[in-house]
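When the chains are written out, they are named A, B, C and D in that same order, and each has its own residue count from 1.
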Amino acid sequence: VRIGGQAVVLIAGPCTVEGLAMLEETGRAARAAGAVMLRGGAFKPRSSPYSFQGLGSQGLAYLARVRAQAGLPVVTEVMAPEQVELVMRYADMLQIGARNMQNYSLLREVGRTRRPVLLKRGMSASIDEWLEAAEYLLAQGNTQVVLCERGIRTFETATRFTLDLSAIPVLRQRTHLPVIVDPSHASGQRHLVGPLALAAVAVGADGIIVETHPQPTSALCDGAQSLDLDQLAGLRDAMARVAGAVGRTMHDPVSAESLPALLGPQISEGGGCQ
Amino acid sequence: VRIGGQAVVLIAGPCTVEGLAMLEETGRAARAAGAVMLRGGAFKPRSSPYSFQGLGSQGLAYLARVRAQAGLPVVTEVMAPEQVELVMRYADMLQIGARNMQNYSLLREVGRTRRPVLLKRGMSASIDEWLEAAEYLLAQGNTQVVLCERGIRTFETATRFTLDLSAIPVLRQRTHLPVIVDPSHASGQRHLVGPLALAAVAVGADGIIVETHPQPTSALCDGAQSLDLDQLAGLRDAMARVAGAVGRTMHDPVSAESLPALLGPQISEGGGCQ
Amino acid sequence: VRIGGQAVVLIAGPCTVEGLAMLEETGRAARAAGAVMLRGGAFKPRSSPYSFQGLGSQGLAYLARVRAQAGLPVVTEVMAPEQVELVMRYADMLQIGARNMQNYSLLREVGRTRRPVLLKRGMSASIDEWLEAAEYLLAQGNTQVVLCERGIRTFETATRFTLDLSAIPVLRQRTHLPVIVDPSHASGQRHLVGPLALAAVAVGADGIIVETHPQPTSALCDGAQSLDLDQLAGLRDAMARVAGAVGRTMHDPVSAESLPALLGPQISEGGGCQ
Amino acid sequence: VRIGGQAVVLIAGPCTVEGLAMLEETGRAARAAGAVMLRGGAFKPRSSPYSFQGLGSQGLAYLARVRAQAGLPVVTEVMAPEQVELVMRYADMLQIGARNMQNYSLLREVGRTRRPVLLKRGMSASIDEWLEAAEYLLAQGNTQVVLCERGIRTFETATRFTLDLSAIPVLRQRTHLPVIVDPSHASGQRHLVGPLALAAVAVGADGIIVETHPQPTSALCDGAQSLDLDQLAGLRDAMARVAGAVGRTMHDPVSAESLPALLGPQISEGGGCQ
């Protein structure tokens, strides 16, 4: 999978890995809908310590299994330097979340790997601070950095955050790094995800990352902003039309055989998967 | 001209009416590019009392002349209740600027007319406050209200304002009023206007209002964010492609003959025009 | 009353003039508590056209009566250029509200008077824009301008606005104009008003304007942020202690006899008062 | 040192530990001025990887030496879970910086210690999110948490951040945790620090943490917002007057002998100190 070329990528998956069955169903549907990567949180940053914190290494194992089944490379969040080695065993791309955009020890540790990184914008980070955070990764020699706009904090309460689509053409002038957009976290509402995803393609984003869930209303986390699997298929078609209108195409899924082996599934850590 | 139907409108013109020649040139080019309305400020709200404040009634007369020549209905800002009668003699649509979104005596006065209104969002107005401001117009019986998103104030300084494109699908659920987008004032930079206009069409806006100028670098006001006349033509084509991708068309210009007579040109006020 | 000298002023009164009896009671108590001016809205800017809009000229007449009874000069909001002449008949000081900070025709009209002006900061106005708005008044020759910080719009929802007390020492370096603080509108909550008023005195403000009401829980508007009359008396004492700690004093009330005659009470307009 | 009682604390020191001599001079002056704790950064979170990142463990050793000389307990930032053990050897209080307020692995690790913690507010964190971050510490059993307001991000550019003093009385209703204020980082300008510190005492803060430097103009970091040593002494006196006006006192420095032994100075790590 190449992010940043002529083809626009669609990355989809649940907010949180809740179990193997729901992840398998989501993976199959995402693949069928034309998604090229699977997202899903095993370690979840939650504002409150009393909220569900994710399945941890077991969630990673589930991701790795569905990765192999569906032929979808995996992107998942790593929250602390000491988790980097573990997450690398299971994931093709390491996500650094908005709250950790200026967690410099994490940036340095991830920068020392050669694994692609998805660097989300902090919710009150200026575009320049975001690029400086990327510089922490690049300075360690990791050049496979993808930026992800996911909304900034403003006074407006009709949406969870205000998606800053102006950032995409601004970044085009300031960096060669690819940029994707997360309309799910930005808006917090399912009915806004589609229109914002199309706007992101029109404004020049290199891809979209959306939350999807087999039964959004019963999701453990972020159900209100998750597309159901039918909506995901419809979104991909609409994205293709807008991509065509701006001279781009949609990235096709890769074959399961072409995915490189990861270390994860061979080890017993996380258990549930072997 | 119908705003809010299946067809997307392009409204273009200079920030400020600087003189007759430049306005005629702009009007011809805008018409040729497929714009369906002419914008241009005669009365200009400026942060400083020492900045150029516009040509006033003379500017209105110039607008009315180019309106007739080019067959472009005119939208221009009215800044105070006592200007309403004057501006109505020259303009097809009255614009209420962002700074005046909560100028209630102005809203009431414009509400008492039956002239279409373009109500810009205040730079820190929530979507709900914006709709309440529209209610001041509607409550007086003026039902031809078009909303215009033009960016909100945030911490980000890379753009003049942060264009809140999420507002468009949010408004779709809360009101039947049409919504257009002003990417020029929002971004403050020419190279951002095109991508944001396309994003606005993709997200579902009913039209775009952009600043254009024959020689942007010598404009009296907002030159940095004005498209030149070639860029305007290119923008219209790109908008048409994106409109098609989301199942819409572009609104065609109307014929000069179909424009209703206004009172303006008959009177001598504003002088320079007769 | 002198605002901007060594002595700190306390201005108090109801959000809205609801009737004569409540205003008389408030006036007496405010005077007894050491307030030196009476505030109260006759014309009210309300987000919704369906909210109570104030008593209008009758409210002005009530203010003028209590002004004479209690010996408290009156400050009240003027919302439109055409109201300026009327409000000047009743009020010692004209208030320009936050929503009208960039209503330039209003600024010019008020600037042409020689009546003191209270210019509130717009809810998203930068300090520089605020000073430029003041310049509209000064440029017309009205030099008696007092600035009023009343909170800016941010992402924080625990308070109605975020009171920007840093603005006071910033303004000290940029202008000679006096600055007062409105902790009632900024916070929106009664229990925050006292602490913020003391902080405003400590940071160097020239005065405080607070909302007070005989029965806050039954106020027509802003009851949740209004002090009751006992709390007002306590606040004045606390302010005096903090003023002393920073080398200032509290301004004493003036005598009723020293107030200049206004035109208002002589005319029948507003009715209820004669 | 007790934070949160009737007495207000003054914490002072350089932004960054630049060397032993400057730190000794600052420590002596801070002690003489009545500061009760020494602040200073050994590990510095910097937006750019190419900025000075602090002296690291050598800086910690310097802090421990001046701690013993001047009788000033030390508070310094810890940026990553793996630094916690090291910093605990040298510091009496662990600071979690604004950028790390939602670094949950760091919060958990610090929560597992029984060392007092200074938890700075994230620059776009709501008050509720800040309290939830504190809950990560409390849930691990560390109950000695002090909150520190340091300004939030808004559109206003006259100050680095907007100090949210309303947060102090809001927190008083929502938590028993003590709250101090950092006017240096909030304002970014020396001349604003004093007025804001007094406002913080007036509004009810339990203390102030300020940056001070022997020669602010030659500081490696944040010189523009650092007080010189004379200004620090003047600030303490002014704070005492305001504290008296609101019924509080200033906390006296403790004796050097009363400080508990820390492990730091005994080890050779960091070198320069033995």
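Basically, contacts are C-beta pairs under 8 Å (C-beta built on N, C-alpha and C of every residue); 3 or more make two chains touch, one makes a residue touch a chain.
Just so it is clear, the structure is predicted and the values come from calculations on it, not from any experiment.
Comparing chain pairs A-D and A-B, the larger number of C-beta contacts belongs to A-B.
Looking across A-C, B-D or A-B, the pair that copies the C-D interface, with over half of its contact pairs the same by residue number, is A-B. Greatest Cα centroid separation from subunit B: this falls to D. The centroid of the Cα atoms in subunit B and the matching centroid in subunit D are 51 Å apart. For the pair subunit A and subunit B, the distance between C-alpha centroids works out to 38 Å. Contacts with at least two other chains are made by residues 124, 153-155, 157 of subunit C.
For subunit A in complex with subunit D, the touching residues are 45-50, 79-83, 99-100, 102-106, 122-124, 129, 132-133, 135-136, 139, 153.
Within the complex formed with subunit D, the subunit C residues making contact are 124, 126-128, 152, 154-159, 162-170, 173, 186-187, 191-192, 195-196, 198-204, 238, 241-242, 244-246.
By the touch criterion given at the top, residues 153-155, 157 of subunit B touch subunit D in their complex.
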